[in-house]
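These are the structures, in structure tokens.
One chain, subunit A, appears in both complexes that follow, with subunit B as partner in the first and subunit C in the second.
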Partner chain A sequence: MEVDFRNVTKKYGRTEALRELTLNLAGDKIIGILGRNGAGKSSALQIAAGHLKPSAGDVSMLGENPFNSLLVSANTILVHEGMAFPPALRLRAILAELERAYPAFDKKLAKSLLDHFGIPDHAFHIQLSKGMKNTFNMVAGIAARTPLTMFDEPLNGMDAGVRSDLLKVLLKEYIAHPRMILLSGHQLEGMEELFEEVVILHHGRLLHHGNADEFKEGFVRISGPESEVRRAASEVQVLELHETLPGMAEAIIMVRPGTTLFMNEGLGLKSTSVSLGDAYVAMTRKKGGIDRVYADATDGR
Partner chain B sequence: MPINPESGIPIYLQIADWIEDGILTGFFEENEKVYSQYQLAEQYRINPATAAKGLSLLADQGILYKKRGLGMFVSPDARRIIFTRRRNGVLQEKIRDAVTEARLLGLSEVELISMLRDEMGGDK
Partner chain C sequence: MSTLTQPTAGNAVRNQFLRNLYGRSGILGSLLALQVIGITLSFFGGSGFGTSDGQITINVVDYSANPVIGLTLLWAIISPLYLSGRDSLKTDLTFPGSRTTRHTGNALYLTALVLAGSLVATLANMTSILFAVIPDHPLILPAGGSTSHYVSLFAVLTGYCLLLAAASYFAGTLFSVSRIAAFALLALVLVFLRVTAVNELVAAIARFSGDGPASMILLRCFLLSAFFFLAAIVAGSRQEVRA
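Up next is the complex of A and B:
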């Protein structure tokens, strides 16, 4: 499977959701699409699924432009909170429809999972709570076994136990039936160890695309006495530096992959790894962050 | 062993360490098959590519060897390789710590070496 975006721009009125996005995704991998709210994640996924037409630029998948392509729609599923199913259909009828739409759909798996999560298949989709709706949608997406499977913020509103079970099933399914899986989110909620690659979008632009492990290794958190943290941080690229306790500070810094950071532990400095979530949040943070905004708004008091 | 994403050690190194521990304790015996990348991925809920990176790290050091189509096996030399590397690594680190501490205290090289010599002598 390969999805290719070339200079894709998407505008809603005056708002630009995507700005000249060029991105090539290839291989049966689990890829995290990360970014803050409004970064353009959902627009990118909807364009890949053929649900939206780009304002400019080209998208290609399976040799076709996804928009209005029957080939693409048979090979793609986009799971998101706004998934609309016919209100007159019970869940079991929806499963039957999905089976007709997707040749590899595994109805037995879907039914067993719904059963496990306590979702009765005679219910109507609109009757479900937010968490249950998202659970049903995600089960549908997993069971569809489409070569390109996309989940937009899939875990919202779910219980921790359900979330963890679904991620386990997703990984088992991926191993048994490899496919390209795109998972978007701004809160990662346990997904981060599943990613082989990450794509980071910021204000509609591509900020980073690469191997997830290497990306994470590019960041280090150092903490200790403030003066020492500042001194250590003065020679490297600092994404974030803040006081933790009076006289103590913590910084997230970027290091080139493969280099070791020289730190004198005798001075009380500690270095630890940074989670994927903290890394991308630090990378997309405005200078000074919320502390600066608050300080400016209140005249620095 | 639970994988700890916050521990400061990359996940694939934690996987490699865990297999090494298994070899040292005899859980994996020589010429025996170790877990596949997929088994490791499911067990620790990580991407199979990350698990594979841990396995190939051990293969690169000669701790594991690959049998085509069958998977990864513990090489007869594995224990010795792990033992040697860990001993050197740990000792090296402690020496570095001692040097850092000595500098902080303003000890000279001669003073530090004489302390080392005393320690070595004291063991006899």
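Up next is the complex of A and C:
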């Protein structure tokens, strides 16, 4: 499976959701598509699924343009919050419909998962709560076993137990039936351990694409007395620096590959690893962050 | 390693047809409901008048299946708007298919329902005479009543219902693709009507689809319907839906 974006731009009126995005995703992997709100994640996934067409540039999947492609449509499923099912069908009938539409759909697995999560199969999709709807959608996506499975913000509204169980099932399914899985989101709790690759979008552009572990290793959090943190930070590329307690500070720094960071622990400095979520947020944060915005807005009052 | 599915257009059309049948039962349900209402209205009769000269009172009640036919035609205008709307497309995009297979499946589904609806309306017309017999009142039988009369009624009703459904489906598709294009087309039609005068246009349509034997009316309506469905496929081939 290969998904190829070449100089793809997507506009909604005057708003540009994607700007000349060039990205190649290949192989059976779990890939994280990360970015802040409005970064273009959902647009990219909808273009890959053939729901939207690019305003400019080319997208190719299985040798075809996904928009209006029966082949791509049959080998792809996009799970998102707005996913709609025939309104007159109960959940058990929707599963039967999915089984007819997707030859590899595992109805037994889907039913067992619904039972486990306490979702009654005689209910209508529209009757479910937000969390249950998203759980059902994700179960449908997992059980469809399409070569390209995409989840756009799949865990929204779910409680911690359901999130954790679904991610375990996703990993088990991936191991048993390898495929390309794209997971997009900005709340990565529990998801980031699954990623083999990460793609970071920012303002519709590609900011980073590479191995997830290597990306994470490129960031370090240092904390300690503010003067020492500032001194240490002056020698490296700082993405974020803020006060934690009076006289104490914390900084997220970017370390070039192959660089060794020496910290003098005697000065009270501590270095810890940075989660993927914190790393990409620091990478895409405006200079000064919210502290600067608040200070500027309330200055002189 | 994941295995690719090689879909066929025929299978996608079949699935679309069946999904409409099972998953959009409201469309079939609305047809049945309207026809039941129409049959009920036919049973009680209508459009009657009464006269009296002091000694004799005459009440004339017209029993006909006109309400069933009228409501079936109304259904043919309204239900395709739902089927061609954005919500329906959003649901359809959850399942494998292209815009072409979707529209083809929808067109076949509407055709099947139009056939069923016309058949029910024709049968209602046949049995409307019985409604008059039940109350045990004097009866004046209408002209016609032969098999060929009912076959002609079925053919003409099917033709007009299909034509209305196809035109409505095209309008719904165009409106959900581009409201500007839909309004522009409507404005163009209105300008065209003013230029050519309504009567001439209606006469031209009537000459093409409403003149001659029933089989010719059905054939011409079928051709016009095919044109509208094809236009919907062309207009809808660039249709997008944002999640």
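One rule holds in what follows: the second predicted complex is superposed on the first by the 299 of 301 C-alpha atoms of A that agree within 3 Å, B and C clash if a C-alpha of one lies under 4 Å from a C-alpha of the other, contacts with A are read in each partner's own complex, and residues count from 1 in each chain.
Criterion: a residue touches a chain if its C-beta (ideal position, glycine included) is under 8 Å from a C-beta of that chain, and two chains touch if they have at least 3 such contacts.
Everything quoted here is computed from the prediction, not taken from an experiment.
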Partner chain(s) touched by A:116 [first = subunit B, second = subunit C, both, neither]: neither
Partner chain in contact with A:231 - subunit B first, subunit C second, else both or neither: neither
Subunit B versus subunit C as contact partner of A:130, first or second or both or neither: neither
First (subunit B), second (subunit C), both or neither touched by A:242: neither
Of subunit C and subunit B, partner touching more subunit A residues: C
First (subunit B), second (subunit C), both or neither touched by A:196: first
Which superposed partner A:177 touches (first subunit B, second subunit C, both, neither): second
First, second, both or neither for A:101, with subunit B first and subunit C second: second
Touching both subunit B and subunit C, residues of subunit A: none
Residue ranges of subunit B in contact with subunit A within the complex: 3, 5-12, 38, 41-42, 44-50, 53, 97, 100-101, 103-104
Residues of subunit A touching subunit C in the complex: 1, 12, 28, 42, 46, 49, 51-53, 62, 68-71, 73-75, 77-78, 80-89, 93, 97-98, 100-104, 145-147, 152, 177-180
Residue ranges of subunit C in contact with subunit A within the complex: 1-7, 9, 12, 15, 18-19, 22-26, 87, 90-91, 93-101, 237-238, 240-243
Subunit B-touching residues of subunit A, taken from the complex the two chains share: 29-30, 167-168, 171-172, 174-175, 190, 192-196, 212-213, 216-217, 264-267, 271-273, 275
